[in-house]
Structure formats: C-alpha cells, structure tokens
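Please find the structures below.
Consider the two complexes below, in which chain A is the common component and chain B and chain C are the respective partners.
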Partner chain A sequence: MAGQTDHSISIFSAAEVEFIAEDEMIEIVPNIRMNALNLLCGDFGPFLPQIPCTVPLWLAVALKKRGKCSIRTPDWMSVEKLTQVLEAERESPREFQPLPFHYVEISRLLLDHAHDDIPEVYMVRSLIEDIRNVRFHKVESGLETISGRTHAVKLKNLSAMEVNLVRPFMARVLQAFYKHDSPEMVQQADTSASKRPQVVDRGPRRDLRPR
Partner chain B sequence: MPGYYDISDILMEDEAVSVAFHVGANGVGLLDPGTETNSVEKGAKIDLPFWLAHELCRRRAVSITIPSCFGQKMKKDVQADAACVDLGTRYPYFYEFGCKLFPLVGDKSIGLFLRHTFANRYKEMLSKSHTASLNAIPKFVLRLSKEEYQLFEAARSSMVEFKKWRVRDLGLMKTTIVGHKRKTDLH
Partner chain C sequence: MGRLLKLREAHKTDAPATCSVLWAHDGSHLATSCASDTEVLIHDLSAPPPGRSGSNAGSSPVVLRHHKEGVTAIALGPMAGPLASGSFDHSVKLYNFPVGSFQGNVTRFTLPIKSLAFNKSGSLLAAAGDDDGIKLISTIDLTISRVLKGHRGSVTGLSFDPKHDYLASIDSFGTVIYWELSTGKQLHTLKSIAPNYNSDSSVLNTLSWRPDGEMLAVPGLRNDVVMYDRDTGEKLFNLRGDHEKSVCSFCWSPNGKYLATSGLDKQVLIWDVDLKQDIERQKFEERICGLSWKPVGNSLAVIDVVGRFGIWDNPVPVSMKSPTEGVVLNEPHPLFEDEDEEVLGKGISCYSGSLDDSIEKGSGDFSPISRKRVKKRGPSFDEGEEVLQEIDSRKRRKESENKRGDGGIRERAVRMQDAFQVGFTPPQQGKRRFLCYNLLGCVTSLENDGFSHVEVDFHDTGRGPRVPSMTDYFGFTMAALNEKGCVLANPCKGEKNMSTLMYRPFGSWANNSEWSMRFELEEVKVVALGKNWVAAVTSHNFLRIFTESGLQMHILSVNGPVVAAAGSGDLLAVVNHASDCLSSGDQVLEIKVFNINEATQTISGRLPLTPCSHLTWLGFSEDGRLGSFDSKGNLRVYSDQFGGSWLPVFSADKARKSEDENYWIVGFNATKLFCIVCKSPESYPSVMPKPVLTILEFSSPLASSDLGADEVENEFMMTNLQLSEIRKKIKDMEAFGLDVTALDDEAFSLEVKLDRCILKLIASCCHSDRLVRATELARLLSTQKSLKGAITIVTASKLPILQEKFSTILEERMLDDLKTPEPIPTGRSNGKTAYSVQPPVRLSPMMEKSPDLNNRTPNTIKPQIKSSPATETLKLVKARSSTPENLAQGEDISKERELGSKLEKLATFVKGKGNATSEVTGKDVSSSATGNVKPELKIPINPFARVKKVT
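Our next item is the complex of A and B:
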C-alpha cells in the first residue's frame, strides 16, 4: 500500500505551514508614506501615515522589521477573548473551540516580531500555550477511541499546525488498523465501543473488496 | 501488502516455521539434519524459512504448524498485559508474519488475536510516543515490533520538528515557553 514503507509521510514541514499562514490578512498602521503596491496577490493601497490598512502577514512582518509600521493585534488575540476560549476548551472535553485556522503560526510571528504592539504580551503568550496544550490533549484522547470500524476521524475546528502534527501518526495508525481489520481476518461481528462525537463512523461498513 | 522489493518483507519471510512433510522429497536432505540419505521422509518435521514453506504449502507438499509466537503461551501473555509483551527482541515482524501466515494455517483465530494485541498496545503507545524527546529512548521502544516502531517514529519526529520550529529565532526568550508538567510527560 502506498505510504506504508514511506518514511516521510508528513507532507508539510512546520516551516512550510508557517509560510502558508503568512498569506492571512492583518491590519497595520504605517508610519511612512508609500505608493500603492501592485502585487500578484492583490493591490495594497497607498500607505499614508497613521491610516490603518489591511495587508498580508508576510508584508506586515517585513514592514515591521524595517520599522515602517506598527501591527494592530487581531481581535481574537486579546486577553479577554483568549481567556474565554481557554475556559470553554477546559469545559468541553470533546469539542474544539473555533479559532482561526492558523492561530498558532500567526500568534508566533506576532509575538516574535511585534511584541511591543501587543498589550500584555506575556499573558497572551502563556494563554496561547495553555490553549494549545489543552487542545492537543483532547486530540490524543480522541485518538484513543480509534478502532477497526473507523473509516475517518473527524476533528472539527482543529488548526493547521495541530493537524500537521498528528497527520503522519494518524495516517499510519488508520492504515495499520485497516490492514488488521480486513474482512478476511475478522470472523465475528465486533461489538462497537462507545463512540465520542469527535470520531465519526460513516454508517455501516462497506467492504472495499469483494468477499 | 508490501511488495516484492520491500526489504522488511524479505527479512520477515526469513523467519523459521516448523512444517510437516506430506510427501517424500529427494535430493534435499540438506534441510533435515537428521537424515543419512539425501532425502526427506514423508511425515518428517523440519524447520524451513517462511518463503520456502509458503511455496510448498501452496503446492500442498507440506502443512505448516503454528509457530510458538501465536500459541497459547503468547495468548496468555497478551491477556495479562499486552503492552509489556516484548515483541521487539523476540518477534519484530509479529504482525506482518501473522498476516501472511493466516491464510495458510487452519486456525482462524489468529486474525482476531493480532488485532486484539495491536489495539491494546496502541493505547499505551499513543501518549508515550508524542511526548518522548529526541535523546531519551524510553525502554518500551525496545519492545515494539517493526511496524509499531514506524508509528512511534512518525509521531515523535513530527513532535520534535514542531518544537524546534517553535523555539527558532527566540534565543533568550525560550524560558517563557516552558509549560506545566503534565502526567503524560515521561520526564
């Protein structure tokens, strides 16, 4: 089977996921005057001092490094919102809270390069760490319930970096379970264990090979 | 199933199985250390490598007896505690071997037994593989079969890579990332 002896089953490295995340739009407040930039991905209007505008993240970080702008924190990165999200994550042991898809990468880039623009930066950093830990433990506990019956594992609201982290492991585990649980090998009906909402079983098993 | 060119498949087929010959065979007395003549008697019990036994079984020249790794003792061990069974040193090709052996031998319970073992060991492996660090090799890794070891490696390498990415460029600020100690951490 494809991928069973492939040792590099992880398609994206962490740096590549970060690169993709840098396409997200973010608000900045420039402090210089500059003409409009006409790029392939879009036109970013003439930059006037103290007038906020929206640019991609990579451009914002580049300008920030040269001291030409200050980055405005996105709404979801305020201390109140993050505390709310953390509380909600701790309360519901099976669901993930909706967070921006690239929140890990965006928060890391902003905390590295724009830490003077973020109010209460240490609080924000530790909150995001906690959120990440709680979510990851939920992923792990959800993975425990995979059995042979699982065709697919549904993890709603998981972010890009978290998905990339578990992708190789989960792909191989599903393959291994499929191999062991093929119709020729299992002779008797299995009593299905209790299923959590995270792991979705798509109806009755369909045999992919003719008996 | 892995194909003709797969190294681990080739190595796996080198395992010895005990077979009982249905027919006499001339000229292959090499296989049986006990014979005087250069032939194998009908009904003799010999250890052959699996690839040879597989072919002969297809031609119905031999019948394969179940090796000890799928026998009663192993089943009792697995029932006692699946995660402690030492597959790494004794039978690194446990699962692949079982899958290949299954259609040839009359015992239908092997398939279920394999799956049961795997499911139990998987739970233990899950949490440990994600939190293992790069340098320390936990003792339980030595107990994993080849297939399980690949799973473990996949999880561990992606975790390590993520951690490296996180502290990149940070330099002195690394101490702010140290999180709380969780009970699943190994150290």
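Our next item is the complex of A and C:
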C-alpha cells in the first residue's frame, strides 16, 4: 500500500500489527514427536508426526524455521478462493469481501517463511497483492466522499492493516469537519488545540460555512 | 503424397485456437469450427469433381452464426443426423445437417464447453467442459438423462464406445475415466496417463475408441499414442515413432486399421495399427488440431490452429488396404433409435450401406473400391471372421477379469480376494507409490525404465534414522517397516526373475548386514516385520520366519492361501482363506496370531467381515491390540471379552462427512483411528504431496435409542471397553509381578471418566423418564462421590423416588465397604496391589473400585495418608467438581451452585438415614459413616475447584 498516510502517526507500526497477527491460529503438520507445550497463552500439542494440530502463527513460524513442521495453507489462501475474492472485490466497488482480519499479515508471514508449503505460491502472492491494491483503492476513493455531513463511516470487513493505515487520517478528518461545523467547538479548539495553524486561520471558512 | 498440402482459410483467428473438422457421413460436406470464431461453417464438397475436392475454391460455405462466443467443439450424429456445437458461451446447439438450419438449444452449462460426442445411434449426446460433470442428453426429447461426475479438471475429450456399453472421457490433467452407461458408474480411472495440459488451454486432450470398440486410444506421456483394453482398462500397446512432441489429436480410420495422429511438432502421421508402424507423414506450417477421415474413400481432412483446413488425398498409400475397407456402415432409421434394436439393425443395414456406398463412388477411388467390392461379395466369410473376433474378445475379457483381482472383487465379490501387503498403494505409471505406509514412516518406490528407486522416510524426522535411497533391480512391490529396518520383496516375474526377499537394517554395527533370500518356484505373497524377526508368507502356504540377521528360524504351514500379515513386537498376525467364498459373496477368512519369541499361538479363529466386503487392512495398535478394516469401512478390534471376540468400533459410513470421502486407514490406538482421507474417485493416497493423517474417534454401531444421547452412550461403550482392556493388562502384568502403578492411575482416570459419562446418562434418563434405567446406571457408578452427584441430579430434576433409591444404593455401598475393611490397610501399604486384594464380589467388572477406597481411607487410617499421592487427591477434587458441571448440557450452571448447599442438606439426610439403618451393625459404623460423609462435603478445596471451573 502506498504511503498515503504517514506511518509515524499511525497508532501501530506495521511490525506491531504483524506482532498482533501472530496470535492467530493456524494448522501445522509437524514432522517430529513432541510433548504438549504448556504456555501462558494456552496448551498446544502434543505434536505427532504427520498429524495436523493447531498452534499460534508465531509458534508455527518458529517451528517452520527449524524445519520441524509444514504449515497448512488456510482455505482462504488457495488460488481459487483468492481469485473469487479478487473478482468480487472488483465487481462491488462499495463493499469489502470478508477476509481474515489479519489477512495481510498472515499471508505475508506465510509467504516469507513457508513459501514451500503453499501450492502455486507465485499466483497466490500476486493475487494477494492485487486484492490489497484493489481494497486500498476502494478505501481511498471512499475517503474522497467524506464531507462535512459525514458523522461516521461504516467500513465492514476492513482488515487490521488497512484500518491501521487510515485510522489516524480518518479520525482527524472527521474531527476537523465536526469542528468546522459547530462554532462552539471551533472556539474550544482554539484554546485547546492551538497547535494546528489551519484551525486558527478560519477567516475565509467562516464565510463559506453558512449555506 | 509427400508434397506440402495446401490449406484454405476458413476461420479467422488472431491467436492459435483449437479448431475442429468433421466429415459428413457420405463425404459430401465438411463442417469446421474454431475456438476463436463464433461461426460454424459447412462446406459443400459435392459441387466440384470428387477427385479434386481439395481445391473447391468456388462454392461458399453455409455459415451458422448462433453462438455468441467461439465454438470449441462440434459433433455429428449418425448419417444426416444433427450437428451439435458447443461453445465458450456455455451453450450446446443443434442444427440440421447439412442444410444448416438451427434446431434448438440443447443445454446450457455454467462454464465453457470443451467437448461433445454422439453415440453411434445418435440417441445420446454427451457434453462436457469446465463444468463439474459430463451431461448425457437424450437427443429425442432433449432431456438430461444423466450427469457423470468424477473429473477434477475440465473434460476435454469424450468418446462413446461403439458397442454402447461405455463412455470414455479425458480431462486436462490427463486422467481417463471409463463410465458404464447403464449405471453411470466409473469402471476404471486411469490417472495421469495422458499429458497434463491444465495450465495450457490451447491444447485439449482427446481420446477415441477404435471403431470396433475393442480398444481406446489415448495420447501418451512419451510422444506416443497408447491403446487401452476395452474391458479391463489395461494398457495394450503404444504407437511410438517420429513424433518429437506430444500427440494432441488423432482419428481412427473408418475401419480401425489406420490411425492418423497429429502432434505438437506440427506433423501428421498415419499409422498402420496392426503393424504398429507409421506409414506416411506430412509436416505442416502450423499445428494441426483437427483430423477427420473421410467415411468413404481415402482422404483425410485436417485443420490447423489458425483456422485453415485442407483435404489430404490418399494419406494411406494406394498400394495398401483402403482405410474404409470392411467398414460396417450404420444406416440411421427412425425405427432403430432404441439401443437394443439398434444392434439388430446393424446387421441388416450393414450390407445395404456398404453397397450404396460402393455404387455411389465407384468412379472416385478405383483400386481400393474394387478390392473392397470383392471382399464384400463374400459376406459369409466376413461374418464368420467377426464372430470369431467376438468370441476371442469375450475370452480375453474373462481372462483379464480373472487377472484383475482387487478391482474385480469390489464389483461382485465372488472371488477369493488376493493377497495384499498392508499399507501399499497400487502402481501408477510414472508416479511414486507406497510399498508400505504406517504410523512410523513409509517406503516408496518409483519405477523407471527397468528398475526403480526405493526410498524410506520416517514421519518423525527428528528421531528416525536417515536411510539412503536405493536402486532396486528386482522390482519390489511389497515392504514392511519398523524402527530397526525394512523388508522388501518382489513377486516372481517369469522364469528369470525369481521372487526375492531383502532385509535392510537401519543401524548395525557390522558393515554388510543387509541380506536377501531367493525363492525358487515359490513366490513371496506378503511380508511382515517385528522385534528381531522377519516373516514372509509364500505361495506354497509357508510361513517363513527369519531372524534379524537372516537366520532361517522357523517354517510353518498356513492353512490356506494367505491374504495379509502384520507384525508388531513379538506378535505376528496372519490372515488366510479358510475356504472358497460363500455364494453370497462373503470371504471366508481365518486369522492366527503367533508369538514368535515364545513360539506360541495366542489367537486363532475366523476373521469376521462385513457382508460382501473384503479385508483391506490388518494391524496392531501401539499397545498391541489387533484390528482389521474391511472394504465397507468397518474397523474391528480384537478383545478378550467373551472368550475372544471382534468388536466393531468404527464405521466409515457414520463418520463420513461427505459422500466423496474414502478413508485409507493407517493405524489406530485405544480410542482413535488414524487414516488418510482421499477424495473420490481416488481411494488411495498419493505420495506427493505428503499425505496428512486425520484422526477419527471410534464410534460403536449403536442402535438409535429413546434417550437421544447417542454420543454419551457411545462414550460409555468405548470407556467400558478401554477400562476392560486396562484391567486385563493390569492383571497380566501383576501375574508377572511387574509394577502397575501407572496403569492403576490410568484405570482410575478412566473410571472417573466413565462415572461422568454415566452421570450424563442418568441425567438424560431423568429427562426422558426412564427411572429403572437410571437406577441401573446408578449401580454402575464406581465411586461414592459420583453416587452423591447422581443424587444431586435427581434432586434437581425433582424425582424423589429415584432420590430414595439412590440413597439406598449409597447406603449399601457404604455398608459393603465397612464390612470388608480388613484388607484395606494391606492394600494401602503398597497401593498397587489394591486390585488383587479386592474381592470380586461386584455385580460387574465395572463396579470394582479401588480409588473409592483411596478416597475414603484417609479418615480412618491416618498414618498412611501420606502414601496416597497428592495427584490423586487432586484428581478426586477434579472429578468431584466436574461431575455437577457435566450433569447435562441443558441444565443451568447457576442452579448447580445452589446444589452445593442442597448437597449438604442431603448429606445430613443421608447421614440420618444411615444412622437409622446402621444401628443394627453398631455405633462404629454410624460414626465412621458420618465421619465419612461430612468432611467430604465440606472439603475446603471444593469452592476453589468450583471457581476454577467457572473461569
């Protein structure tokens, strides 16, 4: 996603969002025999060779790095599912398709660490990239429609990374519109948030506001 | 004709696209289509002189513009029958031929159509493409008579068997399926025998029956055309020659003597099929994607990928037999639309047809026709030959059916099943296959020209030894694998290749510890492997046992032809036929289990199977229980109960989630089955990608009862079974004087589990008002705690009668315990002998209960309390706290909280009653009873446990 938003003002950095996503569960097929792991976040295993079990993504990646398991690609990451999603995304310009909340991060982690377990990995990679671009384009074009009368924006099925990118911008835009709409708010803002020069400079806007 | 053939443009295309060409049955018209063109063209060839039909530039073709997108397939019904076309626009349309008038839409698909075919009588049209399923459409009323599903990729080629028994289809993955038309079943699935064009849509796989229906031609993987048998689907021979790339299209000459093939190398070759040799060839500028023999005369129409077509005159040299010689032409007749009548009609029409044909074109082709006429003059001779051929083919079919073995049994189980190696998969051409797959690892083999590569892999890559792959010149077909080594064996193939048994140890201190045995005039049928021994059962019904180092230890005789064998530890199980099959189709199998180390026989008897099924798996679980799996998907486990019997513990029919799942069993343990789920039509896993095991829970084939708690009932059965197994083991081990503490713990936790299960059942009994059953269940409870839990349940469900009954049981239980206090201290001193001490006075084995004693005694025998381990008390607490929670799904948990206080009230009630009744036995009893009940109910940990459960 192109840097439409300054990353430094996002609430989370991309790495942090990825860290959160690592708690998602994923199925692995271990090739070792190991007793159950009793961790703070839960008990995982026991691990038996060739018998699938579900573990958090971080554990899956850690095991994968040591060559102790293969990761089973989630259903939604198959070429056919992604093709369907991409088509549906392109067809409906106003809606987002339901994908896992952390689809960007999960697919990134899997493509980085478990590319040999993903069938048709190049196709999957390009499809996911396309989906991301299409969705972000939608978000962008959606942002353009925000006007002074917008009080809230409903974005269903938006994923973590996408939210994270637009959240600061969106919140501030809405705030700004709100302030400009109500004169009392503007005065309050004057005193409290004088850092923002554009709010202070409200002479011409005053004239525009009453319609 | 060696010159380059001139091609004429018919369809305009920008990019190469699949085009097709078809001759009319009288050779007067030619229909062409192209995948990038919406038009179907009908070229009239009768106008110019018949000898020079290739250069009729003058006449303009009839144009059919009915499709919205490119036409991918055309098919022509018999003799002036309709022309059908299928297209990317998902529709199939019918036209009058050769006039070209539109008849109607036949069907619509949801995805593009890739292939079409008429049957010989023209009554059925098959259409298929990217959709899931081949549609069979009756051309009389345009209804869909059947949809055949089974291909995974898009179906690109269809061909009706000229005898109207089968339909053959091929998909873009190169898989061929034989369908039986009368039932719609898949007879044979030949996987990946043709090139895989799944990623390349410009080439379509095709296939074609020889006009006599005796063989099916399919493009092969080595730039050849492979012929498969009509009935068995076995490979007959291949035509391999000068094609430098894969064959993409071919067409049989009308008499089936010649085959025209075109390859991706832009060549067209004409083959003499009997000689298996190419007799003529021609190179083209572009790839030829459509070929069609002229039904009458010696001409071949070709069309290339850019939409240009041409007619190749005399592709078969004039000196050779004509490609139409001996053709039986089938004249269409409205009377003969029905299939059964059609066979009759064939005989009548054949002579008139051929006569017509020869008169019609007498001037055109001189030499072939004259010879043909001569032949045709002696119809009796021809007829005789045909009959002979027919007989011959029947005979062959019988033979091949006998050879078929496994597949044959599945259809009608009248034959004794062949021997099989546990965990093997049948060979597939050009693919790696399993010689053995078990829970430990697998042995795989890939056949190459003349020899194969055998690899051994362990699932647990961390622990299993790494085994170098080996080249195998024997052609091993069976293997067995354990931690220490693997044994491989091959059947004898002819006189030169003797049956060989080879053992490879994985870790040995000596260099050359691999050994092999050869068998003269004897054939190894199955092999098995155990702790320090190797077993092989041979065709002479010998069971040969070797030691790990290759010493021949024992040779035993087996009662009948062997079916399977499995080994684990010291135990070897051998299944053999006891007699021929029953007339109902049931296999009569016998099983024997030997202890090799002690040279004893532990089990001997018949092996039960589901009716009309055959054995597909045999093996031991990790804890040494024997199990068998049959083709109907039922797992049976051997148990000592009732003097040794087979208990059905799993049924695939019940467990199956969707219709198209096949379970390929790998192993089992005490409660679970390990298998590989194969999606139909496959019933075997493939080596790549690595198959993943699925765990399935056991389930008894219970009758559906009025309780509506099937799961709990199932759990009850299974836990009982497990418990009895463990008890047996404990007994065995105690007989040897071994330590059984761990098993005791296990048995105890099982008892707790069983109690929980029984409590749930009691709850559902209370729900459905089965009071007698509830009382019976209460008697089965093993601990007093659970009994008290049961009382709380019935109190909650307001059943005072039951409450009373249960209290009586509880009292009895307490009294019994008090009557036999003497042995307890001794039992306490070393907890493990508690079982031997227990008097077997209980109603059933389920009622034996040492943990109860453990739990009760702390009050009476203080000094020994330390010996009761903390874990055990914890377990008790858990069991206690979890019983109310698991009462029943429907019950309110918050209500259960109140029960705590109720329980206390109840306890006082019980206490009172206990006092009242036990006055006779003495004060000692009552005091101990109160001392017993009260502290338990007030156990301070209990509220904590409760809290833990809530969180």
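Some notes on this structure:
As a working rule, the second predicted complex is superposed on the first by the 173 of 211 C-alpha atoms of A that agree within 3 Å, B and C clash if a C-alpha of one lies under 4 Å from a C-alpha of the other, contacts with A are read in each partner's own complex, and residues count from 1 in each chain.
The rule we apply is simple: a contact is a pair of C-beta atoms (placed from the backbone, for glycine too) under 8 Å apart; a residue touches a chain by one contact, two chains touch by 3 or more.
These figures come from a predicted structure and were not determined experimentally.
Residue contacts after overlaying the shared chain place A:32 against chain C, while chain B stays out of touching range.
Contacts of A:127 after superposition: neither chain B nor chain C is touched. Contact with chain B, but none with chain C, is seen for A:137 once the two complexes are overlaid on the shared chain.
Of the two partner chains placed by the overlay, only chain B lies in contact with A:173; chain C stays clear of it.
Once the two complexes are overlaid on the shared chain, A:68 sits against chain C while remaining clear of chain B.
Contacts of A:108 after superposition: chain B is touched, whereas chain C is not reached. Touch criterion met: A:51 reaches chain C, while chain B stays clear of it. Touched residues of chain A were counted for both chain B and chain C, and B has more of them. By the touch criterion defined above, A:15 reaches chain B but does not reach chain C. Taken together, the two structures place no residue of chain A in contact with chain B in one case and with chain C in the other.
On chain B, the positions that touch chain A within their shared complex are 1-2, 6, 8, 95, 99, 102-103, 108-109, 111-112, 114-115, 118-119, 122-123, 126-127, 129-130, 147, 150-151, 153-155, 157-159, 161-162, 164-166, 169-170, 176-177, 179-180, 182, 184.
Across the complex, chain B is touched by residues 1, 4-5, 7, 9-10, 13-15, 18, 108, 112, 122, 125-126, 129-130, 133, 137, 140, 143-144, 146-148, 161, 164-169, 172-173, 176-177, 179-181, 184-188 of chain A. Chain C makes touch with chain A in their complex at residues 458-463, 674, 689-695. The part of chain A that touches chain C in the complex is made up of residues 29, 31-33, 49-52, 67-68, 70, 72, 119.
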